[in-house]
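The same chain A turns up in both complexes below, where it pairs with chain B and then with chain C.
Then we have the complex of A and B:
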């Protein structure tokens, strides 16, 4: 089978595009509930963040315990840029992504040569370094209080303040990133990533530049996380050091595992579902994290491909075999 | 000589795993390396294929000094290996395993686009290589679902996709059933006779080594103690005492 197969339109594609459309139309349904729209916007950021981690973990098998470092770093760079340079998104966000890409590239040169636990611990250490830098530079960053007073940003000169405008902007970034990630999965680069994940030693002997491919995934993953962080900071008007805490890194990892590592779509669902569930379940019981912990354990043991993997199994039972839906 | 080593050495702490080994392989031959466990065969293999760096000595491949080159660079130059434990991409299909190696040879593994025509050409070539190693009909099977012997053949097919000149095989018959051993042995003969390759084997099955090899090199305690055609090795007193203990079943 050739690498990219032009398949006929199938139920799954229809379902996918219908879901995308429903997501886009959500503000019309939620017009009278600004709180839910706000929550939905946060869920989209979480979904983008989860997708960014899956670009690394799902594609190359490298597990990061410090992904929130990139999210927070992006948030602070964008916040500082908007506050002290100009609150124009077309200026601030590309700048944020470039700076973070350079930082990720430089640190990645060392980190991606490590594997397994060593890599995971180093990512945690790196995110803690970013975290402490916030306090070192508290004159600029506001230290523990966070960076406040970020002006309402503009997009090509137009002020973006309406919640629906924000929703659509964040949603557009999520869907564009997801489509890009799904496209990459089908390219030779995406297939080579999966080969590196499946068997790094053999990949090297086949002539695949393993370290370079891991570095590309690492930089891409960090840059998308920084974009999510930058957008969220501008949306929120403030950013706090908590955004890059190890707890936040744990949450991101949970979105990915919950949704299904390596499935790209799964983590997006995981991030959104987790944000909504955390909001509603936490209002029912204070012990909600205990239930989540239990759910996490059950998923890791019984459904290693996450919610998306489970859904794929049911889908295949309904619509027959469709190899390739659960991405490797 | 397609491959030569000169005074190759590698220590691990106080142990001289490979000690001053000079070795040469002529083109279009099957050459085997034998020796007791711990003789340094696998370390030597790892040095030659770039997985380890030597402490001293030189490696020449097709006349060029390749000492210190990594596996990916050597693979590009036509030196590939198979592994003692079959090493394939288990969740890819058989054809995808080989296509991946073809794209690697064509330096397309970082491409963000591949035309339909290129995809089909690469797939066609992959299927042809799959057929060459005797796996025709299994192209769309997930590699993990193949039998042990077929996985080993796929390992060879991945190596062949790189258009190698020299293929190093680390214990290709290890853990194989009788039927699988015969088919892998046949494949090794075909690699040389039909595909014009040079093969270097590390193998414990002395009978098979005697039958397949044009030349045999014997390692003991990290050094070469004998080298020559099978008949000569069979009669070598040093080899008999060090390794074969006077018994030749073959």
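Then we have the complex of A and C:
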């Protein structure tokens, strides 16, 4: 497959920027509904998290079943940093990202050499190890009860407490990382990633350093997930071991599969949409897990390209054959 | 994430002279018990992988389903023995239906899809179990004759644990015997070694896969119901054992039957000894570290026959 640089059709660009603007102005529309704003902030974190997993899965084809481990680990490191060092985001968050990047690099050295199935199993096991770690260190982490009493954080000395300020901060991080991910897609690195994804063996033969590229994706993905976790913990003021459970990992996978693996924008939409849907459905019924699991099964069987894949099929029907194709 | 199998072993170690040795021996016995349960459970996982190339993330949910089904059958007035037989049959039928209705839809899809699908199934089954009352712990009493403790010198072990180990070993031996000596087993082994070649020789992969998934589900359920008097029964009881079983099949090599047999006892010993001396969470971390080391040196498992595709 020749390396085709994706050139999306023009209307999509405009649509994209309009929706970015709408997202940014959302707090003005929701001024009187703090609960919805809170939910929207959660949706943004979910979207960032989905994007971080798609950086790995969508770019290299490696499927992580323990992504919540990085999210939770980031949450705990940031929470501990804010509680015991200083609640300054410019200090705590970079620290979190560095620590997680190092841990991801060390484990990734071994993990990314594994083939798909073993990798999937190992990531699940690794996230369980992080989960255990919380209980081993329960003197600091609070064990089962979670880490509580995290002070209100500051950003360059300014205390960030207002829900709207939080919304914009989280939104900024999401858009910045989405733009970065889309930019990476167009760079030689991103193109080489796609080559690795579509055929690792052939990539190796043409001289692409497959393991190193996978490792870069793995570390980037873990670091962004940790940033999302750190931000959410500071936003929430607490973090519980449940953030690392394999159900949570399943949630993140669901965002990505629902949105469409490898589309980058799809998972972001998937994460946000799913968070709202989960909230409303679980307020209607307590059999949430059945619908969730059932939806998962149905999507994998009938729409393996996710909603984004379905949408792009319709888009092509409407606007004729597009030059680029949605990478999968 | 704690398999509380060794609490008794720890208590036992505190009495009499030579307590270090007694503790170690008692831990070794408990390691054998856990290893046997793990073996019974992971054999189905290995078979499903070998024949269908599916890593079954729903296997833990089937374990829980078996444990809960057994506990509910027993609590509705039937004897333990009926529960022990009926629960695996029931869950085996569930496995058959799942393979026919769900897994068959993605036979020729990439590996990723099967992982996602079984993951979704795991959530679905867990959800159903929650809905049926699986949030609460349910006790399953062992039958009257097996409630005592067997004592040998200063060493003692609940009789039921000995029974579970014997049951697991017998079931596994019977399965291996059938695999070796029956027509069905021959076809399984052929498909396990090379599915495409097997299909060329006229092996009907569909019906073979139905039987393998049904059998794997039944074995998981048997492990679940047999272990229920030890671990109790609730909707997520299988999650713990699934992680251990994954470690088992990787240490033994994906798709390798004899690798799984050895690895199950290795994992059982590591977990029980780790718990006895270091604490449950540390044991899991130790096991994971060991597995990472194994993967660097012997990525194809103990016998070097694990799959790499």
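One rule holds in what follows: the second predicted complex is superposed on the first by the 315 of 328 C-alpha atoms of A that agree within 3 Å, B and C clash if a C-alpha of one lies under 4 Å from a C-alpha of the other, contacts with A are read in each partner's own complex, and residues count from 1 in each chain.
We take it that a residue touches a chain if its C-beta (ideal position, glycine included) is under 8 Å from a C-beta of that chain, and two chains touch if they have at least 3 such contacts.
In this text, all values refer to a predicted model and were calculated from it rather than measured experimentally.
Asker: Clash or fit: how do chain B and chain C relate after the overlay on chain A?
Answerer: They fit: once the shared chain is superposed, the two partners occupy separate space.
Asker: Contact-wise, after the overlay, does A:65 reach chain B, chain C, both or neither (first, second, both, neither)?
Answerer: Second partner only, chain C.
Asker: After lining up the shared chain so the two structures overlap, which partner does A:126 touch, if you call chain B first and chain C second: first, second, both or neither?
Answerer: The second partner, chain C, only.
Asker: Counting only touches as set out at the top, which of chain B and chain C does A:136 meet: first, second, both, neither?
Answerer: Second partner only, chain C.
Asker: Name the contact category of A:201: first (chain B only), second (chain C only), both, or neither.
Answerer: first
Asker: In the overlaid three-chain picture, which partner chain does A:290 touch, first (chain B) or second (chain C), both, or neither?
Answerer: It touches chain C, and chain B stays clear.
Asker: Check the residue A:226 against both partner chains and state whether it touches chain B (first), chain C (second), both, or neither.
Answerer: neither
Asker: More chain A residues touched by chain B or by chain C?
Answerer: Ranking chain B and chain C by residues of chain A touched puts C first.
Asker: By the touch definition at the top of the document, which applies to A:311: first (chain B), second (chain C), both, or neither?
Answerer: neither
Asker: Per the contact definition in the header, classify A:247: touching chain B only (first), chain C only (second), both, or neither.
Answerer: A:247: touches chain C, not chain B.
Asker: Which value in Å is the smallest Cα separation between chain B and chain C when the structures are fitted on chain A?
Answerer: 10
Asker: Quick check: in the complex, which residue numbers of chain A touch chain B?
Answerer: 1-4, 184, 187-189, 191-192, 194-195, 198-199, 201-202, 204-210, 212-213, 216, 328
Asker: Give the list of chain C residues in touch with chain A in this complex.
Answerer: 1, 49, 55, 57, 102, 105-106, 109, 111-113, 115-117, 119-128, 130-131, 239, 243, 246-247, 249-250, 254, 279, 281-282, 284-285, 288, 291-292, 295-296, 299, 308-309
Asker: Help me check something: in the complex, which residues belonging to chain A touch chain C?
Answerer: Touching chain C: residues 61, 63, 65, 107, 110, 113-118, 120-122, 124-126, 128-129, 131-133, 135-136, 246-247, 250, 253, 257, 261, 287-297, 300-301, 304 of chain A.
Asker: What residues of chain B sit close enough to touch chain A in their complex?
Answerer: Within the complex, chain B contacts chain A at residues 49, 70-73, 75-76, 80-81, 83, 87-93, 95-96, 99-101, 103-105, 108-114, 116, 119-120, 122-123, 140, 158, 161-162.
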